[in-house]
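Next come two complexes, and both contain chain A; in the first it sits with chain B, in the second with chain C.
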Partner chain A sequence: MWKSSLKYVIARLPRGSGEWFFGSGGRASFIGSAAALLLVCFIDAPFPSVTIVPPYYKHILFSCLLYAILTLSLNFVTGFIGQLSLGHAAFFGIGAYVTGALTKYLGLNFWLSIPAAAVLAAAVAVLLAAAAQRVKGAFLVVVTYGFGEVLRYIAINTDGLGGSAGMPGIRPPSIFGVPFNRIGPSGKEPYILFAFAVVSLLSFFTWRIEKSRTGYALAAIREDEIAAAAMGINTRYYKTLAIVMSAFLCGIAGSLQAGYASFVSPELLSSTQSILILTMVIVGGPRSIKGAILGAALLTVLPEFFHSVKDMFGLGFDPWMILYGLILIVLMRVRPQGFWGKSAVF
Partner chain B sequence: MEFVQQVVNGLAQGGIYSLIAIGWTTVYGVVGVMNWTHGEVYMLGGFSGFFLFTRLKLPFLPGLLIAMAVGSALAMAIDQFGYKPLRKIGMPRMAGFITALGLSTLLRYSATAGFSPDPQAYPGDLLDYRMITLFRAGGREITVSSLHLFIFLGTLAIMLALELFIRRTLTGKAMLAASQDMSTLELMGADPEKLIKITFAISGALGAAAGVFVGTIYAINTMMGSLAGLKGWSVAILGGVGNMTGSMLGGLLLGIAESLTAGFISTGYKDAIGFIIMILVLLIKPTGLMGYSTEEKV
Partner chain C sequence: MAETEIAGAAMAKTAETAMPETEMAKAAMPETKKAETAMPEAAMLEVHGLHVYYGNIHALKGISIRVREGEIVSLIGANGAGKTTLLTAIMNQVPSAQGGVNFMGRPTGGMTPPTIVQNGMTMVPEGRRVFPRCSVYDNLLLGAYARKDKKNVKRDIEEIFESYPQLAERKKQIAGTLSGGEQQMLAIGRALMSKPRLMLLDEPSMGLSPMIVGQVFATIKRINGGGTTVLLVEQNANQALRISDRGYVLETGSVVLEDSSENLLQNEQVKEAYLGS
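Moving on to the complex of A and B:
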C-alpha cells in the first residue's frame, strides 16, 4: 500500500528541466529569490530594537548558499563527467588557506586573494586531473580521498598555517572602506548577498555550458568514454577541464568561507566535508542545478534542526548522523538519481 | 640498527592492514562493490571483542572466534539489507557506493549512540606482555613485544588458513573464479547469491579479527573504522585489487612504511604515508603491485 503511494508521489516529482519553482521560469525565480533574500536580510534594519530574523538563521542561510557553490562546482565532476570525487573539500580548504595566509601575512586585499585562491586550487587540481586520466570509478574515489587526507595532514603539520589549531584573525573583507561585518543588522548580510550572486552566476554558467559544445563533449565522456574518444573528442582535455573548473570554483567558495568566519582550520579539508558535499549532489540529483541547490540546503538545514532536537531532549548522541545514513540508503533504493536528477546514471 | 627495529615494529600493524585489505579485496573481486562499511565491521569486531573479554571474561582465542562469527553475521546482514535489493534491480555503480556510505554512517553513529564514545581498552591481563629479544645486530638488541609478535603470527595464521581454503576447497575455487568472471561461473551452475554470502562472511570475519587484534594493543573507539577502513582499501589497491597475495604484501609494506615514517620523518605524517604511496603506485602502475591488467571493452 505505502509502496504504491510512494511510487505515485515519486512519479509526480518535478523533472530536472523546465520550471524552476512553482511553475515559474529561471528569471522569475531569480528575481523572486533575490527579493526574498533582501527582505530577510534587511527587515531588521529599520527596527533596531527587535530582531525578527535571528543572526543564527542568517548563518544557516549563508551556509546553504556556500554549500550550494560547492555542490554546483562538484556537479561538473560528478554530474558532467560522472566520476565521484571524495576530495573536493581539499580545494575548498586550499581556497580558504590561501585567502587566510595572503590577507593575514601579506596584508593583501581580500578581493585580490580570491583569484589567487581559485588559481592555486585549479593548479593543484591539474595534478588530480592527471591522476583521473589513469584511474576511474572506485579507484578514483580512493585517490581523491587520499589526496584530500594528505593535504589535511600537511595543513595540520605546517606551523606557519596554524597547525591543527587553525589560523584565526583573518580580516573581514571590506567594500568602499567599510568592513563587511559593519554592514547590515547582523554583519552577515553582505556575505549572504555575495554568496547569492556567486550561486546565481554559477547556475547560469552551468545552464549555458550544458547546452554547449563542451557540455555535449562532457556528456559523451560520461556515457561512454571509449566511444567519445572514437568520435574524436579529446577526452583528456575535457576531463581536465571539468576537474580544474570545479576546483577553481571550490577555491572561490573557500575564500568566501575564510572571510566570513575569519578563521581557517584543517577541518575544512576533512573527508567528512568531502563526503557531505558529494552526498548533497547525490541527494539533490546530479546534473540538476536546482537539485544541487536543494541538496545543499537540505543537508545544511536538517543537521541544524536535529541538533536543536538533540539539545531539546538532552540526547547524548547526534540523531542526525544516524538519520543521514538511513536517508542515503532509502534514497538509493527508491530514487537512485536523486530528488531532481534526470535519469539514473553511472 | 634503528632501521631494523622500526621494520620489526611495523610488522604487527602491517599484518592487521593485510587482514582488513583482504576483506575489501575479496568483496570487490566477487561482488564488484566498494564495500565502504568494512571499516565499521572492523570497529564492531573490536567492540564485540571488548564485550566478550570484559563482560564475559572469555580467554583470548574463544573471544576472537566469537568476534569473527559476529563480524561474519554483520557483513552478511549488511549484504542482505544493503546490497542485495540493489543487485536485484541491476545495481548502478554509484548507487552501491552511496548505499555503502550511508550504511557506514548509520553503523558508526549507531555504535556511538549505543556504546560510549570514549576510547575503551581491553583488560590488561588478556595476553602475556613482555619484551622479547629477537637477535643482536650492530651491537644493539632488536626487540619485539610479545603482543606484537603474537598479532603478527595470528594474522599470518589466519591468512594461511584462508589461502588454503581458497586453493583447496571447491567453494574457494569458485570464489576465485567469480572474481574473474561471475557470469561465466553462473553458466557453470554455481549459485552467485550463495557465493556472495560466503564472500561477505569471510570478509566480515577477517575485518572483525583485525578489530580484535588492534584492541589488544590500542584502545578502541567508535570512530576508528573510518581511517583504518580506508587504509585497508588503499592497501588492497596497492597490492592489486582482487589479488590476495598482493593485499598481504601491501599490508606489510604499509605497516613498515608507517613505522619508518614515524621513526625517521615525522609522526604527524604517519597516517598520510599510506595514501601517498597508494597514489604514486596507482599513477605509475594503475593495476597495483601484483594486479593484472584487464582490457577495457566497449
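Moving on to the complex of A and C:
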C-alpha cells in the first residue's frame, strides 16, 4: 500500500527538463540524494557498537544544508533582482534569536516559533526594502552592511538576549513528544532531514517562480529597472517582494540553527557570515539553483577538509586560509559567472 | 467624446494619406490646423504648467503641451533642455512639484507608472534599454506585462514579427547582442506590445547610423498610420519635424516655440539653432 502511494508521489515530482535540484535530471537526482541522505543518516542505527559515519561528518552535512537554505534565500536578491546584500546574516540571526527567545522565555513550541521567526525577519526586511528603492549597486552594499552591523550591536547590547555571550540552553524541538536529539544514532539526523526538506521545497519554489509572471518581472527589473517600469511593471512592489521573501526564508534557517545548536550568539549576525553566504552564491553561480547548493557545500566542506590536512601533517598554519583566496581569484578569473551560473549577473 | 474620436481618426487619416507626397502634406496642414482650433477638447494628452525639480535644480519651469489623437508631435531642444525629464514626468517616474497631466481626459496625478501603461500610454526609454540578457521573444513578452488580455499576446508577438522580419529571424537571440538599429526596433516593438494609444519615444535616433535613423523614423510614421498617437523627443530636429504634424521647442525647461512642423522647419531661429543650416 505504501509502495503505491510512494509511486504516486514520485510520478508527480517534476521531471528533469527544468533545473530545480542538483543536476539536469531533476527528479532522479532528488530521489537519489534523498536516498543517499537516508542511508548516511541511519546506516549506523542497526549496529550501535560500530560507527560508520561519525557525528562530525553529520554536523558538516547539516551545515551544508543549512547554508544551502541561506544561499537559495539570498538568491532571491542576488539572482532575481541582481543586487548584492551584505546584511543577510541579520535575517538569519533574527530568526535564530526569535526562536531562542520564544522557546526559552515563553516556552513556545519550536514549530510555532518558526513562522514567528520568519515573519519577524520579513517585517524587518520591509525596512531594508524601503532603502533598496532608492539605492542600488555599491550603495546598497553599504546600506545592507550597515543594517546588519546595527542589528548585531543591538543583539550584543541587549541583556535580555544574553548580550555578547549569547543565549544558551534552547530546548531542542520534538516530534510526537520525542526530542530531536534522541532520534537517530547521533541526534543530528532529524535536523539533517528537516533541512533537506526545506532545501528541496525551496529549490522547487525557486524553479517554479523563475518561469512565472513574477519571475519575468524580477528578470526585467534586474536587466533594466527603468525599462521595466516603462513596461508597466511595479518595480517597487517586486523589489520589496524579492527582499522580503529572501528574509522570510533566512528567518526559517535561523530557527533551525537555534534548535540545532541550542545556542544563539551575536556571531550569527556578523558581516563575516553575510560575506560567506554571498561568496557561496557567487562561487556556485548566481541565478542557478544547483549553483547555490554547490557553493554552500563547497565552502562548508573545503575548510573542514583543510583543517584535517593541518592536523594530519601537523602544520603550524591552516592551509585553507591561503588556498581560499587563491581559489576565489582563480575562479573569478576563469569562470566569473560561478560554477553553474547562467551568465554574469553583475 | 465620440465626435472628438471621429475627428481624431479623420485627422490621422488625412495625415496618413497625404504623407507619400510632401507637397500634399503641406497643403493638408492648414486644414488640420483649423481643426485644432475648432476642437480644443480633442487633446489626448494635456500637460499644463508642469514644474519638476531635481533637488535645487529647476528642470521644468511650467511646461504646457498638448497632443491630439492621431498626431505625431515632436519635442526638440538641446541637451539639458528637459526633454527626457518631461517624458519621465508624464509617466510619473519623477515627481512633479506643480502643474499636472491629463491623459484621455483623466488627470494622471495619482497614478503609478503601471496604471499609466494600463491606461494606454507607454514610453520607449532613451538609449533603447532592451533587457540585454533576455531573448528577443522574452523582451516582447515583457512588453505585454501590463495587459489584461493574455490570450492575444502570442498573436500580437507574431504580428510584430511580421512587421519586423529582422526581429523574427532573431527571435531566440539574446537582445544585448543585437545591433543598435535592431535594438531600437525591438524597443519599439516591445512598447507596441502594451497596445498603447499614445507612445512616447525618447531619442529613438540616438547613436544610430543615418541609414538606420531613416528606417526608425519610417517605422514611427507607420505606427502612427496604424492609429497610435506619438510624442517624439528628438535631437535630430530635421528628421523629427519632417514626420511630425506639430512641434515644440524646449530651452532650459521652458517651451520657447510652438508651431506646425512645416513652419518650424522654415523658422530662422530653429534653422540656426537646431537644423544646422
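The rule is short, and it goes like this: the second predicted complex is superposed on the first by the 317 of 346 C-alpha atoms of A that agree within 3 Å, B and C clash if a C-alpha of one lies under 4 Å from a C-alpha of the other, contacts with A are read in each partner's own complex, and residues count from 1 in each chain.
Everything that follows uses one rule, which is that contacts are C-beta pairs under 8 Å (C-beta built on N, C-alpha and C of every residue); 3 or more make two chains touch, one makes a residue touch a chain.
Source: prediction; values computed, not measured.
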Should the superposition on chain A be reported as showing a clash between chain B and chain C, or a fit? fit
Once the structures are superposed on A, label A:131 by its partner contacts, choosing first (chain B), second (chain C), both or neither. first
One more residue to check, A:146. First (chain B), second (chain C), both or neither? first
Classify the contacts of A:234 with the two partner chains as first (chain B alone), second (chain C alone), both, or neither. second
Taking the superposition as given, does A:35 touch the first partner, chain B, the second, chain C, both, or neither? neither
By residue count, which of the two partners contacts chain A more extensively, chain B or chain C? B
Touching A:223 in the superposition: chain B (first), chain C (second), both, neither? second
Name the contact category of A:271: first (chain B only), second (chain C only), both, or neither. first
Based on the superposed arrangement, let me know which partner A:201 touches: chain B (first), chain C (second), both, or neither? neither
Looking at the overlay, does A:318 come into contact with chain B only (first), chain C only (second), both, or neither? first
Compute the least Cα distance separating chain B from chain C in the superposition and give it as a whole number of Å. 5
Check: chain A residues flagged as touching chain B and also chain C 224, 226-227
Could you pull out which chain A residues touch chain C in their complex? 213, 216-217, 219-220, 223-224, 226-234, 343
Quick check: in the complex, which residue numbers of chain A touch chain B? 84, 130-131, 134-135, 137-139, 141-143, 145-147, 149-150, 153-154, 156-157, 224, 226-227, 271, 275, 279, 282, 316-319, 321-322, 324-329, 331-333, 336, 344-346
Would you pull the chain B residues touching chain A in the complex into a rising list? 28, 34, 82, 85-86, 92-99, 101-110, 112-113, 117, 226, 230, 233-234, 237, 241, 266, 268-269, 271-272, 274-276, 278-279, 282-283, 286, 296, 298
In the complex with chain A, residue positions of chain C that touch it: 91, 93, 112-114, 116-118, 122-125, 129-134, 138, 141-143, 145-146, 187, 190-191, 194
